[in-house]
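The structures considered in this document are given below.
Each of the two complexes below includes chain A, the first together with chain B, the second together with chain C.
For the complex of A and B:
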């Protein structure tokens, strides 16, 4: 592997990784607040992509406009999700999976009915920012970094962020202290859906849209959520979203370096082994107790 | 005195006790049903299994629609021996376990006379296993894996096979393009892997180097490192044995990445009209293979091709995808076999009838080797020129001149 190829792989891996974290952000937000596992997360991202695709075809809008448009279009869907998930009984993790699995099937079939089973792309211009990193991927990475770091600041430096973190830790206690928990919930779901909508458009500029493609996105989100939560589980969390970003960057980097050095046949195996190694290396319950 | 409830008439007649009589009556009824000659109005049941949802839905629907056109046409002409053909359509969702469940239901519960459908070997293989066990003739509409016809199965037939893909792609590179260095990227499915191996052998025999030979698993979304490696090895032609969706990503990433090989040849999927619709200008000059294409007809079957296109448009409101013809031609072969398999087609008689089929279709002549492989399946090389598909190889079938390097 030449130095050029290595450099390109590192840049592409980091860009992909940041975007992976962005795609998982909506899932993590909902899970952190409600402990609900949104198995329809991938379909929400795809729905955002399809909304952008349809708007782009109908009105010829540029991608830069499709991103906010799609984000706004998915906010009502997020509010519906909030209402439905709020009705889920304990154990929330399990029952939310049943509910959202049904919702994912519903969305898949709705998208199949609306856009058929064809593969769709949102057109982007040719060109690369640097060799190995297309303008579309760079744009996705930039939006991802700005959003994640922006939300990180909101969560850690503002009153609203404190309220949100308090609600996600213990909603009942937060309510007793005067926090309007319902409003926090609605706002979180709205933001999560908007991020999914924006992510869908950016996803369709580097990948294709297909109604059956949501499962892989959901699995990616679950993986990054687990790995990204490890610092928090170890009692070392100071920055809620930086763990997610680090997990995304690590997965993207390992994936790209494996592809460049050993070829695609090793990609899944190396990524899976790396994730397993991280999980096993993470502190266990006893160590976590000692850390506290 | 209480009145005893009245007994069934058998008891009143002094016959044997209930259970044996009931058994006899049931047996008689079953024998009557089994032995009953088929009524003229009884439909002939055919199980059709394709992907209608999931990642292969576009391909599965195209095949299924082709089958539907052929069956509707036969029924409009009075059916087979006066009996309509009824398709029992099932969705395998692109998953082997769903395909197996569907074929088990169709053979055990509905006792279909035959099975038809399938696009990838990972689904065709399991369906053929159950079909063989139940002795139900199965005609696969698209299949490449050479191992499937090396098992000695009697009830498995298919209308496509690997050799024409090898001949067309290697022939083009050897005879017309003559590059020095070719990269082969292939999906790690059995058919694509076999195709890639055969292509590498064929290119080696023609003294064309293949310094990049890489499999990738379905679902890979970033081909940039692979393309970078191909660029580093000064590849002239990228040969991609991947599926439609993979091609969309590879071509898009090529155009976004700034490297432009002199030629791009995709074995599967580039014949789809959606390639042009979705990739736009980036599709110009791409090379692919096809066995049939709307607007590109085999002269002997031109009238039937046009009729198929018209029927497809009228029924589904869109242009037929090329794969639709695989479904149509396979269904025509199956209908011909049903017509010649006797009054109760199915099982051994239908299997023998399929083995005897010799039929001209727009896909070419359909007839089968004893292994079930097609004997006359062919593919030609197409290129996207000025927003449409034209045939560029072999010279005998060409409708336009090859543009190389791609514009």
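For the complex of A and C:
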């Protein structure tokens, strides 16, 4: 591997990694609020991509408009998810996995019915910011960074953020203090779905959409959620989303280096293996989440 | 589950041996044979659930069984029956890492690990081209020497299902079964009473993996073509879970009953009428079980019988 290839791999890896953290945001938001593991997360992202693709084809809108459009389109889906997940019994983690496993199948079939099994891409012009980093990837990374840092500020510096963090720590106590827990839940799910929808459009400008492609995205989100929890588990709860961002950057980097060194065939394998490694290396945070 | 349901199962199995003799339509023989296969998979999944371990990755064992039997009979030239038996052992071996993992992880983290493990197995099959043929898969797998193929497969699948039910019913009544139930109900209390959970969990994974792999091997010899997405696909992790949960994961007859109901509903009713929606019952069944029927069909049966 030459130095140039290495440099390009690092840049691409970091850009992809920031975007991965963005893709995982919705999953993490739902998990930290409700302890529910949304196995349909990848399908929600794909759905966002497909909505963007369809709107782009039908009305010829530019990608910059497709992103908010798709985000808005997924909000109702997020509200449905909220209503369903709120009814899940203990143990929430396991039952929510069963429920959302079913929902993911439902979405996958719906997408298969609506857009068939072909591969789709939202076409953006060619062009690269720097060698190895296309404009589309750079745009994705930029949106990711702005959103994550923005949300980080909202979570840590505003009243809304305090309310949300309090509710995710202990919903009952928050309710006793006068927090409208239902509204916090609906808002969180709406935002989570909107981010997934926006992420789907940006995802589709770089990667091909395929109804079966959700698993990989879900695995990625779970991996990042667990890795990103590590700083929080170490007692540093001050930066709720920076851990996620760091996890995304790390996975992106590992993936890009694998890609540069061994070729594309092993990329998915690295993601799945790193999830296994993370689960077994650090069972602490994941087990703390699991009420046994 | 005492001797009465077992006798009923035996009678049912005998009754089910009749259709091929009276010249059933080959398509329905095929559908029923596939139904027995799904029922076996659900039964194997239920065995693990009985021991309190939830798997989201049974495709790993199904695919391992399919590939093991196919490769042994095709490349190594083993007799298909021998390869079928060996595939069961391979399935048990492939389940061992997760069985050992159950020492450290439980509940949702373990479920996540099995989910990732099945993906890893699929990707290994996809990328280890020299052994598995990669994405192109394996073609022309020898079929089981059964004479009339369709009728033969019907009987073999039915036989494997009955054998699986007998094994699972037997295991549930041994001290091992009691230990499994104790671990499922309250692991910490079982440990307090002097039980070491780890070997029992490992055994549950190995048994469940072996039965699932037998199903996979049967599939490989019946269809005679396999590729990674076909036998390691997520559906094979998903459907046994759906079927068993829908039927009542901890009961003996719930999982196979759930499997047959959902599969036949999908294949016989929806496939011809609404082919695009034929997977809908599976999704709806899961949503229903989690939100309305926590004990699945077995819960209804118990309610009807009275407490």
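As a working rule, the second predicted complex is superposed on the first by the 260 of 292 C-alpha atoms of A that agree within 3 Å, B and C clash if a C-alpha of one lies under 4 Å from a C-alpha of the other, contacts with A are read in each partner's own complex, and residues count from 1 in each chain.
Methods note: a contact is a pair of C-beta atoms (placed from the backbone, for glycine too) under 8 Å apart; a residue touches a chain by one contact, two chains touch by 3 or more.
For clarity, every value in this text was computed on a predicted model and none was experimentally measured.
Colleague: Kindly classify A:268 by the partners it touches after superposition: chain B alone (first), chain C alone (second), both, or neither?
Modeller: Both partners, chain B and chain C.
Colleague: So, A:256: does it touch chain B (first), chain C (second), both, or neither?
Modeller: first
Colleague: If we overlay the two complexes on their shared chain A, which of chain B and chain C does A:206 touch? Say first, second, both or neither.
Modeller: A:206 sits against chain B, while chain C stays out of touch.
Colleague: Scan A:9 for contacts with chain B and chain C and give back first, second, both or neither.
Modeller: Only chain B is touched by A:9; chain C is not.
Colleague: Tell me the contact category for A:116 with respect to chain B and chain C: first, second, both or neither.
Modeller: After superposing on A, A:116 lies in contact with chain B but is clear of chain C.
Colleague: Taking the superposition on A as described, I'd like to know which of chain B and chain C A:219 touches: first, second, both or neither.
Modeller: second
Colleague: Name the contact category of A:103: first (chain B only), second (chain C only), both, or neither.
Modeller: second
Colleague: Would you mind listing the overlap between the chain B footprint and the chain C footprint on chain A?
Modeller: Touching chain B in the first complex and chain C in the second, residues 109, 112, 265, 268 of chain A appear in both lists.
Colleague: Which bits of chain B are touching chain A when the two form their complex?
Modeller: Counting only chain B, the residues touching chain A are 52-55, 57-58, 60-61, 94, 188, 214-217, 219-222, 224-226, 228-229, 232, 244-245, 248-249, 252-253, 255-258, 274, 278-280, 282.
Colleague: Can you name the residues of chain C that touch chain A in the complex?
Modeller: For chain C paired with chain A, touching residues are 54, 56, 101, 104-109, 111-113, 115-117, 119-120, 123-124, 126-127, 187, 234, 238, 241-242, 245, 276-277, 279-280, 282-287, 289-291, 294.
Colleague: Given the complex with chain B, which residues does chain A contribute to the contact?
Modeller: 2, 4-5, 8-9, 12, 16, 108-109, 112, 116-121, 123-124, 126-128, 131-137, 206-208, 210-213, 216, 255-256, 259-260, 263-265, 267-268
Colleague: Which residues of chain A touch chain C in the complex?
Modeller: 37, 39, 84, 87-89, 91, 93-99, 101-103, 105-106, 109, 112-113, 215, 219, 222, 265-266, 268-269, 272-273, 275-276, 279-280, 283, 286-287, 289-292
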